[in-house]
């Protein structure tokens, strides 16, 4: 074999590329902090800057403030933290899925995890009499996981592997099928249906420290996996054959990354309900800004996802005041146009 | 009656989006003969063919069929005179050869009239002419590349057009099938007098089978004539950016282009 | 005129007989489908809490006053059966038209977000605006067509519009589903049950007044699609071949899209989105009548049979009554996954 392996050509000289990435990183961290402040400061109740400060300081000290504004700020802390964690997890999940499927349109939500989780939960409530929150989470996680794997499998059959269309159609079909099952179970059970509809909308408002205890460890594991796999994923982008030539254990990397990606998405779905498009939009934007080097793409996506979800939640609280428009709705509205733009830009061969 | 329809282009300009790909081409296509359009990649060969067959609208200039602009000719009438075999035709899953060939009768069929004996006759003739009568009941998916190409040619034949355009009919075929298809087209031209215009990427096959060659470069026609007259090393250099030696093919007595690369060049030519 | 190749009579007869055999197979399959549809319709009219005999049913249809049956069959069952039949036809034709046009058996109005628009509008109308039947249908129709236009325009330009159309449609569908979820969260508890049932595609409580729009749609649009059937089959061969065969590709496509979308939206507005019928009618019909022939009328009949059979199952097969959409969803899914895998194996996609 005389195939010459060429290193991937960089779009710009190394110095410029690296500098730009550092800038984006700095901006990213700054954006996280800024969005956290915005999230604490804005919502259905306007608060002043002083109340924000007081709310934060009392929270740090573990006290309950007397000022109503500061109290409001404090109440926003859990959801902000959850939004950060969930956003990062979703974006990371999307980036991983896009890396292993080599297609820019992989979004974990497409894998039907939402409906899978829903079905598991509904089955649990209706037939197994589950009531404890940990059981809910466990079921949701299991359901999401199994569904995602199933959809991934169906979408990968045949030549060409997991093309965006096959994956999307497999997800849509599975979602439709599972939601029929969910309907079948719910329709005779009015009370369950009533509660279920709230879960159907992705929402970080149900944040509680217990629930975050589910997402945080998964996110940490995900981050570790990402760091370890990043260069292997870079090689994977060149195609399976070339990656093997470069010494990458293609099958193993794929499985590890896939399981991590799905777990990240499933954990978030179990805790917050279905929040779509974050995993689709963020890695794509980051890729546009910083290129496709996974060692930067993965962490920057996590940052970007955190910022996006925090802002989406904040915007939702502001425009939905005195209630809220759930974060999942906001991301869906943002996501569809972004998907359109991405689909238009991507050449058909890539699709 | 063996009166031929005549098609030609006049100062034709065409392209996609913002780009102009065909830049003012006058093509006088000899009726009843085999013409081949050659040129390097992206010189406009396919675009030219698409514009002639009305797939692509012309930006300026005209395509004239018997002196009339093709835009002025009703679509169905045009389809009875001009047939196109595109580059990568799609066949519906599971369709049987005879049915696919039958689709070629579309321009001859009216809204409420179903199949007539004329249609059956045209299909049978097309199948016989392309030598695939015995494949008539097989599924197109199961056939080899060469066979499938014959089916498409049969469909174009069933259309019973006087002029047949083919866009790279041999590009994805191996050598034996290439020869098979080109020989078939030569048979058809001889038997039916169909005017054949095709785009070929292989200059040697083109030189062998063409009565008339059109050489394009950069969207312009730079040479036109019988292969024996125009295929020279100078032309090859101008069209393909290739150094070559042109000799007479001992098999067909037509020009044969032998490329001169950087390696394996013995002595002077 | 080109000089013909010489062929023998035997050859000509051979080709012609093969064609006649294929056509006969199709006619038989079509007749069987029609028969099944009629039987199912009859079952829907006769079965129920009270079972009526065929004579009584026919009596009601003829306008006689049959004690008991006149109300049950006349007011309840006939509208239900009719809407099942018409919705099945509409979804079947819409789905198969899209699938043929986009050359992809997996592209269907209910997948690519078009019916999501109609659904979202209907939910909005029913729950938020509190509008009645006629207004809901109208709003639903307008929204569905608007959604289709948006998706089509967003996907246009360049090659492979089909693939992009599917992806964009799925995205838009997801967005509209979010809208529906949002509306459901804001809704009154009572309305939620109604809405959920509607969202699943239900024939429950269909009244005679709801039928006319759907009848008109079917009667006007289905013949239109059938008339364009030959052009549609030419489109199957790709735009280039179709143009070569004398089809006005753009014009034909626009007409077909409008007809298909309108049919899907009228049906959705009347019965709610019945899962998978548009998706499956075409492929199932193709397997019944064989490849290569026009699939529009077979798909219409298949769609009708699917909806009728599913509703019968939903009403009588289980302890609880399930809306027809749930049954089609559950039964349709495995077949759909199989279809997905089979198409992928073939290397097909758009």
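By letter and in written order, the chains are A, B and C; residue numbering begins at 1 in each of them.
In the analysis below, a residue touches a chain if its C-beta (ideal position, glycine included) is under 8 Å from a C-beta of that chain, and two chains touch if they have at least 3 such contacts.
Model, not experiment: these values are computed from the prediction.
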Exercise. Measuring from the mean of all protein Cα atoms shown, which chain centre lies nearest?
Worked result: C
For this session: If we define chain centres by averaging CA atoms, which chain lands farthest from chain A? Would you check?
Result: B
Exercise. So what's the Cα centroid distance for chain B and chain C, whole Å?
Worked result: 41
Problem set entry | Computed distance of Cα centres, chain C from chain A, in Å | 35
Problem set entry | Centre distance in Å when chain A and chain B are each reduced to the mean of their C-alpha atoms | 52
Exercise. Which chain C residues touch at least two other chains?
Worked result: 346
Problem set entry | In chain B, residues with contacts to at least two other chains | none
Exercise. What residues of chain B sit close enough to touch chain C in their complex?
Worked result: 1-3, 50, 53-55, 75-80, 82-96, 98-100, 102-104, 106-107, 109, 111, 115, 117, 120-121, 123-125, 127-129, 133, 136-137, 139, 156, 159-160, 162, 191-194
Seminar exercise, completed: Listed in rising order, the residues of chain A that touch chain C in the complex are 105, 109-110, 154-155, 157-160, 163-166, 168-174, 176-181, 183-184, 186-188, 190, 193-194, 197-198, 200-201, 276-277, 325-326, 328-329, 332-333, 335-336, 339-340, 343-344, 348, 351
Seminar exercise, completed: As the complex stands, chain C meets chain A at residues 106, 110-111, 154-155, 157-160, 163-164, 166-168, 170-175, 177-179, 181-182, 184-185, 189, 192-193, 196-197, 199-200, 275-276, 320, 322-323, 325-326, 328-330, 332-334, 336-337, 340-341, 343-347, 349-350
Problem set entry | Contact set on chain C toward chain B in their complex | 1-5, 7, 11-12, 14-16, 18-19, 22, 103, 227, 230, 233-234, 236-241, 243-248, 290-293, 346, 348
